[in-house]
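Naming follows writing order (A, B, C, D and E), and every chain is counted from residue 1.
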Amino acid sequence: MATVTLLLELLLMVGMAYSFGFLYYGLYRNITARVHGRFGPSIAQSFWDSIKLFSKATSTSFGWMFTAGPIIMASGAVMTVLFIPFFNQGDHLQGLSPYGNLLVVLYFMVLGPLGNALGVGSSGNPFGAMGITRGLTRLFALEMPLYLATIGLMITGGTADIHTLMIQQSTTPNLLSHPLLFVAAFLSLVGFLGKSPFDVVGAPQEVYSGPAVEFGGKFLALALSQSAVFTFAKLLLMVDLFWGGAATLLELIFKTFVFFVVTVFIGNVYGRFTTVQSVEFLLKVPTVIAIVGLLRV
Amino acid sequence: MMESKQIKIFHGPQHPGITGNMSVELDLIGETIQRARTHVGYLHRGFEKLVERRTVLQAFTIVCRICVPEPDPNEENFARAVEGLAGITISERAQYIRVMVQEMSRLAAQLLWMGGQSGSIGLGTVGQWSLYDRDLILDLFEQLTGGRVYHMYTFPGGVRRDLPAGFLLRLSELLDYLDKQLPRYDKIFFDNATFRTRAIGTGVIDSDTALERGYVGQALRGCGIERDLRRDNPYLVYDRLAFDIPTFDGGDVYSRALVRREEMRQSIRILRQVIAQMPEEGLVMQKLPKHRKFTLPKDDIYVATESARGEFGYYMAGDGSAHIRRMQVKGPSLIHGFTLLEPLLEGEELSNVALIMNSLGICPPEIER
Amino acid sequence: MTFTPIDLRGIVAPFAAIGKALEHPRTVCYPAQTKTVAPDYRGFHTNDLSACIGCANCQDVCMNDAIDMVTIAQERNTRNKSGCIPRIDYGRCCWCNLCVDVCPPDSLGLGQECIHVAERSDTFLFFPKDAS
Amino acid sequence: MQQGLKQIEGLRQEGFVPYHTSLTEEVTAQQRTLESETEGLANTQTLIEKAIHWFQAHSMFVVAYGTGCGAIEMPPVFTSRYDIERLGVVGVATPRQADILIVSGYASLKTLRRIIRTYEQMSEPKYVIALGSCTINGGMYWDSYNTIKKLEDYLGVDMYVAGCMPRPEALIEGFVKLQAAIRDQTLEPGYVRYRDDYAWYRRNQEKVLGKNIAPQYEENYAGMELS
Amino acid sequence: MNALTTRYDVTEKNPRLFSIEVDTRDAWREAIDFVTTHTAFVTLSQITCADWIEEEVFRLTYLFTDRARSQNLMVQLPIRRDGEGLPSLSNRFPQAEVMERDLHEMYGIPFEGNDTLYPFVLEGWTDLPPLRREFDTLAYVHAHYDFQQGREDNKDVKVEQKRRREEAKRLKAEQEEASHDGE
């Protein structure tokens, strides 16, 4: 019986991540539109986009590897969500987090881009290959500060269990007690969410939308959906690690939304670095901040 | 011979990072460009052939299509070349109106450029704002000429319509609005740390050879050479108007951006003077013969206008009939797109292609006509 | 490539753009909301049939070969010697206004209406709207 | 279909049709009734199909390819003045992701190859919007040796927008009409025609482009032939 | 400028535009050397060709601009239309390369020493170079493209006016005849 409940809960978690991801994506488009001085699309527009893409009659494939790419990507995102607890109390919507810890989450976060690389590489499009190279290079630079920040948290908390880490923050969230680690991790989050100035991977003006260059129809729909789920997973992780998680659904939405809005604003007002510049920046600024933060732990 | 590591890609024509329908063939190792070759011809319509088929006055409608982002320098050139060959003088009021059209079109083109330049580094916000402001200028053009993009307004012998009532007032309101708007662009675009990081030191033009190779416009002024046809070779009534020619020494993308930023302010200044000095009276259009009776003498002429991207020249030869014997267009992009761009891209990163192309303002339709 | 000295103004100043989000957008929400076209806009042709004399000057001046002179069923102007009126092919027209400039009785004009969208390419051949 | 054409001809033959909108509205109305009588296209959709068509109509990805001068009116449409994203229309970089191809004005022969290649890479259902006079009957380049005159000979076009250049409102109107047509399934999509009559389209393409339709991306393309 | 007037017969087209005319290739070469070394006209701005088919020549115009960009000088030279070439200037002026490439494609003028004379804007073009006067673009269009149907009822207004006048005359005559008969 417990297994059935767990499975249902897992489904619910993925469903929630999916819908919140698309909701946030819709909000992102609306907020961006307001900054641009226009009204923007309906909030549900991204849902419609994904349904339309799923209903496309044809989607060109380049062999089973190409088909497998987006699926691995999507499963990476789904697994990441499943190992992150949604709430800091109670038994529900904890997902698989009792069976795994922060390290598992960090591991699954890398799976998606690697699956992507597998698929796009087999399409043979040079722009796709270039986008993947950029993606992996950037991923390496993004992980540095994130890993350092999480190591810092693990040292102070003395555990790698996300739930325990959340409970430890019940008095002061890590965001206040370890501001340097937070800043480092947040800058890396901006990159993970693909916002300027670190949006080198899919830059349309440069690499012709990068990894997604050959994705059409169902593949693009899958890629969009995984990115929605993944976005929510990353925001959730940030909230859990630095803002003490959430007790209720409303609190959860509020906290993730605050982080999300800040990244959106950053993305709106900055231009894009080149790959080299963004890697250099990430290795210099957030990494150094993280190291300093780590030393002060 | 292609090395195994080298890949060849076509940057365009269907590519968001290209300035119009053209393509740049790039040989890359990693993301570093080894060799760049420009390909054009995607917009070739044979203007020079079509102009020869039409009578002089008919041909005027087609020339504004030669450069889409700023059609007015074309009309101005055509009108001035025909006037020069046929010996027509135009009234002072018409000249002031033409200056006004030129400067409005320059402002619109610079705002469009700002959208492209910021888009090339993924800063969409600036483009969204500046295209809105450009649209306000187009609204004024609509009132003045009856067309948004293709004005077909500057005609041999003057301009085709007089100003509508209250037009100058609306223009000066718009200028006030732009005065308020331009500092906002400074904050988000010209001072933006990311743009500065990207643009400073990118696409540096060598100032020693710039004049000999015939670079024009911002490519010259961005490397410290003070050249502007409006002052060096004044046409219309530009010699009665006060304006500065901004120059910056960097020779890079950022210097060219700053030149354009300053030029927008100068355009506003010129427009203010035009509003103040505009003669009240005057025939805006000379009486011309019917289009089959309007002939050009057997002679040739070269006229040039300072467009928003540099010198825009027309060579025109008449043969005594109602048709033009030969009209050749010399836009700034022909030299910039080949002689300048190809060496400039070598050794650059792929990311900077769109950045550099936008800063040179390469517009394919005037390369291939 | 250097990041020093830290360009503090360049990092902070762009955030002023966020203020735009608080302003009400001034978008023209076509089709719900339409912008008035300028009074002298060069839209589709109009023709004052009680004045049109069927002289074909407009056809002669049109470099795009966009104008046909076609016999009309019922005559509106007795001074129309040819019994023909212009018909415009909007697959050719470039709205240059030259035909309007040469029209001897000033019957031809360009109106404010400018939008026509169709699924078929053979629906772009119009008689100008009667302006009389 | 054929009958509808004849009716239009008939209307023209009558001589005097006073005003253009009445002409087109009448004709399209007649065409509609003819089509629904003969083919029974409309009103046979299931609920799911209806929903899918609704989503397809309200989410349109436009491939970023400014093929001609009409491309200059696309930035105002896509940015804050006219903001077509309100209607669910956004630009995407690559043809694989796109549903809509806007052929913005004249297409020169060299571009036509690229347009065909772009079009064929798009995944179905896909639609083509043709902007401006030049795509309808040659426009002002009707006597140019290097531009095609009727786009419908080479691609399946779904919507024509009159103008040179068309105003942004006209382009938006084109999108609105296309959305309505997709939602109600009242149009015979261009891609179906292109697929079914491929031999005819291919023959037309070969007539102007020669046997090799695909662009030549051979090694050393630039220095290939020295004449 | 003074150096130029002593050596060449300079035509002043307007205060800022001058032209000199040379006849032979050697004179042309000399003129270009002289202009670019002894005068301020250092920038090659444009190379133009005009087809004077009646005189069986192409008239080439090399347009030079001075350092201050305030004056222009046209060096004009007629060459035969039947494939006479000129030495390329691309060694001295890199920008000449693309201009010559353009003229080669549009007129078929071979420029000796320019190795980039492959197709420029046209792709797979087999007809005459399109800007030569003998190339008839309308004939080419009618041979290669179709136009929209439905415009065949176009009337020639002159013919129509004449027909109607005659018809009116005939009607009047008939009427008169009828009224005659009535009497």
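Quick notes
The rule we apply is simple: contacts are C-beta pairs under 8 Å (C-beta built on N, C-alpha and C of every residue); 3 or more make two chains touch, one makes a residue touch a chain.
All values reported here derive from a predicted model rather than from experimental measurement.
Where touching is counted per the definition, the chains common to chain C and chain E are B, D.
When every pair of chains is scored by its C-beta contact pairs, the maximum goes to C-D. Comparing the CA-atom centres of all chains against that of chain B, the greatest distance is found for A. Separation between the centroids of chain B and chain C, computed from CA atoms only, is 24 Å.
In terms of their C-alpha centroids, the spacing between chain B and chain D amounts to 30 Å.
Here the spacing of chain A and chain E, counted between their Cα centres, is 61 Å. Taking each chain's centre as the mean of its C-alpha atoms, chain C lies 20 Å from chain D.
Counting only residues that touch two or more partner chains, chain A has 33, 35-39, 204, 208, 268-270, 276-277. Residue positions 8, 12, 64, 79-81, 83, 86, 93, 95, 110, 136-138, 140, 142-146, 150, 164, 167, 222 of chain D are each in touch with at least two other chains. Under the contact definition stated at the top, the residues of chain C that touch 2 or more other chains are 1, 3, 14, 17, 20, 25-27, 29, 63, 70-71, 89, 91, 94-95, 121-122, 125. Chains touching one another form the pairs A-B, A-C, A-D, B-C, B-D, B-E, C-D, C-E, D-E. Within the complex formed with chain D, the residues of chain B that make contact are 2, 8, 10, 13-16, 20-21, 25, 37, 39, 41-46, 49-50, 53, 61-62, 65, 68-69, 112, 115, 127-129, 131-132, 134-135, 138, 148-150, 365. Of all the residues in chain B, the ones that touch chain E in their complex are 40-41, 44, 46, 48-50, 52-53, 84, 211-214, 227, 229, 232-233, 299-302, 304, 311, 313, 315, 317, 319, 325-326, 328, 330, 334-335, 338-339, 368. Contact residues on chain D toward chain B in their complex (touch as defined above): 63-69, 71-73, 75-76, 79-81, 91, 93, 95, 106, 108, 110-111, 114, 118, 140-141, 143-147, 164-165, 167, 217, 219, 221-222.
If you check the complex, the residues on chain A that touch chain D are 29, 33, 36-42, 45, 48-49, 51-53, 55-60, 204, 208-209, 212-217, 220. Residues 115, 117-119, 121-124, 127, 130, 135, 137-138, 140-141, 144-148, 150, 153 of chain E are the ones that touch chain D when the two sit in their complex.
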